[in-house]
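Shared chain: subunit A. Partners: subunit B in the first complex, subunit C in the second.
Take a look at the complex of A and B:
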């Protein structure tokens, strides 16, 4: 006989709450008690834009690829990276990485080395094809791209991703624009550049090399295409009014670099003067050093006004370039013996120029002269617009485009160095992406003006293709330092990547800056604070005293149940990434 | 690595809709306890703030709960675990069924009113886990001092600050030589749950967990800062996270650089009247304690 029967209900099942006999205790859960009515502060899960992403001119999906790298999910990292940028290997090396300037981690210890993570991903996928993560189905429209610099190639890539037929017209016999002809191999190895170019072309892009629009083909022929993207850069030397610039032995800096970079040899003497303070002047000087020549660089202002990137100025100095400041050339003549004589005016700083830079003015007629075998002028280029039809408007010395990169001729768009924006590679890529997205709308017959006014014109592919599945997209603020809770962060900074020792680097064109190996890159990626973007750490869920934060089963993300949330604000206070905001209940 | 939020069971056995104050540390503590011990557990609950959600209808605590007087919650462990033992022996409950018995009491009942009962259950090594919810005063009746209220603290019964020092209950419990004694904090859920799992999975016997529990209502700080204050207690070195596992002591967290105690005291209204000298004396005590802890 079962003894327990005699004692009443089966005790084996008695000890869970729902099985307690009524009467022993009142049974009932508090579903109906809406403690949310107590609330006077309202927390909202509201993701923000990481400032690095806001600062990246190319529009990289930084948080996503860095976070995926940190969790060892390299395929996903690679997909997020190449969705927005077909040149990660190039940008990881020669982009000036403004992202890191705005990295919030900088205020804690040192910024996350985003460019090194980008570079490391590109290097570790070097032997694989950079196929875009998504290619839309074929669209029945043909597009033309003029110029194959970073802007032209990037636009071709994005148009291809969007399913369009693309033909590139390039004046030279090689693709790549300035990264190919101007940036020396010690900063950007040719195989890295050419791999990325090759992968873009392999998507099925038609290429017409040696075809200079305006010379080998008339612009009007382009109008057979449904939309056209112009990116012919800035390659023309403006008139220099220094007597004697036509003398033999006087070079233009860009020509000098293009000749050396494409032919790998050039004749120069022992005494070479480089005039200018920008990228070109520095790259010319460092190229000369690698040819065994110690150049002297003359600049009309001082070091702090030099437009070249500061790190590269330091590199040039370390490698033995001599710099002389406050000198402005005013004549070049042939020497009676051999070579040239360059006469310079001594300058001094007085007041400021209209662009805000300190103004250099002649110093009471003082002069100096230098003897030289060659003089290389690196004082800037301007775009060449002679091939354009009159209907395409210019503004000052640049091509006019509106906010989404459209010129005054409807089906013609433009980007890169020929429009009004900073001259660098990531800006070129960003402008190409913006134009490719606008061209997509244009080719579909959308009203661009209207879309722009509604704020519905995407700047990134993830937005345009609706791939950013974070909760509540739409209007978002940029995350700031104060949004984060850094109690959950431990201070550590990685071993910085190194540089080749100076003695070794001046012998040849081997790459100077080394990257991070993959393990180091994964570790470095772990330093990212994920500013404003929920990392599913679960703090809000664990710390909510009211169990009001739970995962929404449809989105898989955390959501707040306002029926029970008392508005204590612990979730907002403890969210490490600042993805929760709080304001007074009822505030607009 | 999977986070605690992923590994803890999703099911809530301490339900939303309870009457605890906004920002109450007890809310998260009870959620973690029930998620870790599961449905197969029985609670012996003293009179404390925590008894309200557990015992006042409707119930938030979805496990059987013995609402007991203030002093004898440890005796609840004694009785319930003895009953389970007997019922298993009689075959009325399967012998291999694991049932966790725990008691929950505030610092007032654990350290003052129920001290004898607690000491007795520990000395008999009765089978269960005892939680001292240390919010450093009798909160449920309106913030009166307890032996666990720290020196200098304002309470409604020490309006000029409490002259006496805080009783070190976990050390008293460690002196009972029970299988497990641990200090935990609501700001360190990973450490909390790991220790609780350890206690749950240990051989039968008395286990004691002392939960440092900043109470926004009684300590006079904004309710969004519960975790922040709890964390500051640990980062300043005031509250030391340690465990005594079968007699061997291990400090679980040593702050790399201890923050000044002022960082912890300043945001709390209950310490508003402290002089620089008072603060220094607290700092000195902490420094000495850590010096002792080194060996």
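Take a look at the complex of A and C:
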């Protein structure tokens, strides 16, 4: 459109009366109408990070899979979920869902039950063979993964998705690590775990079971691979300074669980003492209950200091476990008559430990003794580094890695419970993903140090593979409650998932927590507020008085036409998800 | 031949809009207009009318939507009353200034405060300066017919102005009368689709409408264009009335209609439903008492039939303006308009009766009393107190 030929009145008085267009029209868009010139506030479509995604150690694309679920697009939900996490069925059950702790909906009514949506999706796709969301074309590089726990399997999965050949080395004869050996079936049914492991292996991953590095194969042989990921976890019992721990009838918690979980049988007497306050102690206690034994759990601090998850402690108590607090094992003696005698020191809380937890100190040398057939010590495990070459540095009792998971040996990366991070499945998956992305750059010859400094090292697969179409991903703030316009939200909460009645669940290893059926999960997903992420609701488009919000034909997303935006801020005010910010023009 | 139905004025108007095949109807509810909106929604819902019903949050938005729709070339229809009309006020100027032939039904209702849902023509007469054509009708049939006529008048290339069809709330809007609903096929022949050439918003062909006119460049010229269009509307209104009569058999007289005005010494001039009562009075006084009296039913207030009235009333001795409205501090609005119309001529005495405000009943007897009193004044040289509030209680 040629502006100079535009019909219509202008100050040049070009028209005679008879030429004046009816309705004071002008063809084209003359400059006098560029109302953007009047603007002194500038709205920007600037998506934010939903706090759930910020909180997820595994880097799940939560908003995307929940939103897709809510709209009934389950295939897309499944792809978004699987892109970032090969273990949705496992995580939906055993991850302690920090996402829900940070869910903004909590401040409105009740958090969205993200873990139940994740679990429901996994369950509904249980009978389908996984098609990965994307598989990059074959890369001419070979990688090795040592250990097949969540970290090892996840890293193998991500490397495979990125096109690399992967070989997993596993010391045991079964894949799966702690979820396989340590998590009882009432929390994680074996078929769920093995289905997800099977889907990973089916991508074309070579598996060498029963191959313990350092025993069945020398570590140096791994160096024939182009990159190596170590994830051998923490399975070794630390030195325990209690006289009598070597007595028959004294077990280590993880060993006990592994023996039961792998062999489905174990001999125990009537009187079993469990020592410890972490998740392993609770898992041991609840396993014992299912074997018909009422265990007594002894812990050196009090309930509120127990590191175990609160819900699991409640479950254990409901199922009949007895807890005794402020007791620390002192010695274990063998007795001809009564089996074992465990002598404990009575403790009291006094002061604080360096890690900030209340400190337990001996209470005036008081002692108390218990008779027992078995004593199970669940007081922590440490990684085994004996197989590592000395070039791989340790720091304190853990493996040293840099910010992107690389050890002191260039081609060796590591993750999971070997490194300094919280020991749980989602942290393990997150560390594996971080390392897999770094390994991808490493194998392409990129300068990782430089990428890191530029902030160009992605933390998620969606960023790494450039699948997140949001405007300006990667430089976003985390959404807050005040960013949202909740006038558009109706308060409602879904039917909660239930638990098996206590009397039923202590008889066998049936799963205790029930999930949501798919319809309920879709409804629950509808509660997601999509914090900071545009859902294309169209409010900005509809409310803009100047028609200055338009759809960008390239991205299909909303964009603001600053030629006409007057900066009134209505779009920002009416955006339900807080994806629009406004600030004074020129303040950038 | 159309079908006959018992209809309220509101429904009759809605049927008219349906027959005109309107394409967009943004309407906001307000008594006594709401039935129109409801009927339009029903037509669209049950598939009788292929149109977009736009729910809006105010009358201001209703007209804004109608303006936008009409600017894209869609035939728009809306309706309102009283306070709702006042809320549209600024957009009335936009619609006429953009030369968009929107048709709107104005169901007259008294303006608050104090609140009333009964009629007073002041609400629409107040808006006579906004550049809209205004027609006042006296019954449901005329409302029905005029909605159809209005599109043809407004959309005529010589006119291109929005048009309002005004009738009294409750009295016409709510009471049922037998109405002939026009035949759709005949309406389609009478009324061509709206195919504008002046304002067509189309993303493929960007156009600015209602351009800013800086300094003193063209503002006056655009206003004069509107004046010319309003002047041309007079002949179009007459033509359309003629064409309508030929197609459907009913002639309304265009700008105004008369009853027994030949050699009448006294003329009653009124508008809306009062015309029906006044017509009965005129017929009675002529036929029973031989009084030389006639009726002028004013239909168009804009364009105001200045020329026509001054010719018609040149030999009349007394003109009595009966009206259900008032401009506080001046008199009846139609009366003041008529004074302007006859300015500078040695015309008739003008007497103004303000009556029926807020829906107060105006009976045959009331008008007959006024007519007889006026006849007695036809030989006086001057009229005392020409503006009279009829039967204000307790005075």
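In the analysis below, the second predicted complex is superposed on the first by the 554 of 588 C-alpha atoms of A that agree within 3 Å, B and C clash if a C-alpha of one lies under 4 Å from a C-alpha of the other, contacts with A are read in each partner's own complex, and residues count from 1 in each chain.
Rule of thumb we're sticking to: a residue touches a chain if its C-beta (ideal position, glycine included) is under 8 Å from a C-beta of that chain, and two chains touch if they have at least 3 such contacts.
Remember, predicted model here, so these are calculated numbers, not experimental data.
Participant: Which partner, subunit B or subunit C, is in contact with more residues of subunit A?
Facilitator: B
Participant: In the superposed arrangement, which partner chain does A:541 touch: subunit B (first), subunit C (second), both, or neither?
Facilitator: first
Participant: From the superposed pair, tell me which subunit A residues show up as contacts to subunit B and also as contacts to subunit C.
Facilitator: After superposing on chain A, subunit A residues 11, 15, 17, 20, 25-30, 32-33 contact both subunit B and subunit C.
Participant: Residue numbers of subunit A touching subunit C in their complex, please.
Facilitator: 1, 8-11, 13, 15, 17, 20-30, 32-33
Participant: Once bound in the complex, which stretches of subunit C touch subunit A?
Facilitator: 97-100, 160, 198-199, 205-215, 217-218, 221-222, 224-225
Participant: How about subunit A: which of its residues touch subunit B in the complex?
Facilitator: Per the stated touch rule, the residues are 3-4, 11-12, 15-18, 20, 25-35, 38-39, 487, 536-539, 541-548, 550-551, 561, 563-564, 566-570, 572-574, 582.
Participant: Would you mind writing out the residues of subunit B in touch with subunit A in their complex?
Facilitator: 3-6, 8, 10, 12-20, 22-28, 31-32, 39-40, 42, 53, 57-65, 87, 90, 92-94, 99, 186, 189, 216, 222-228, 231
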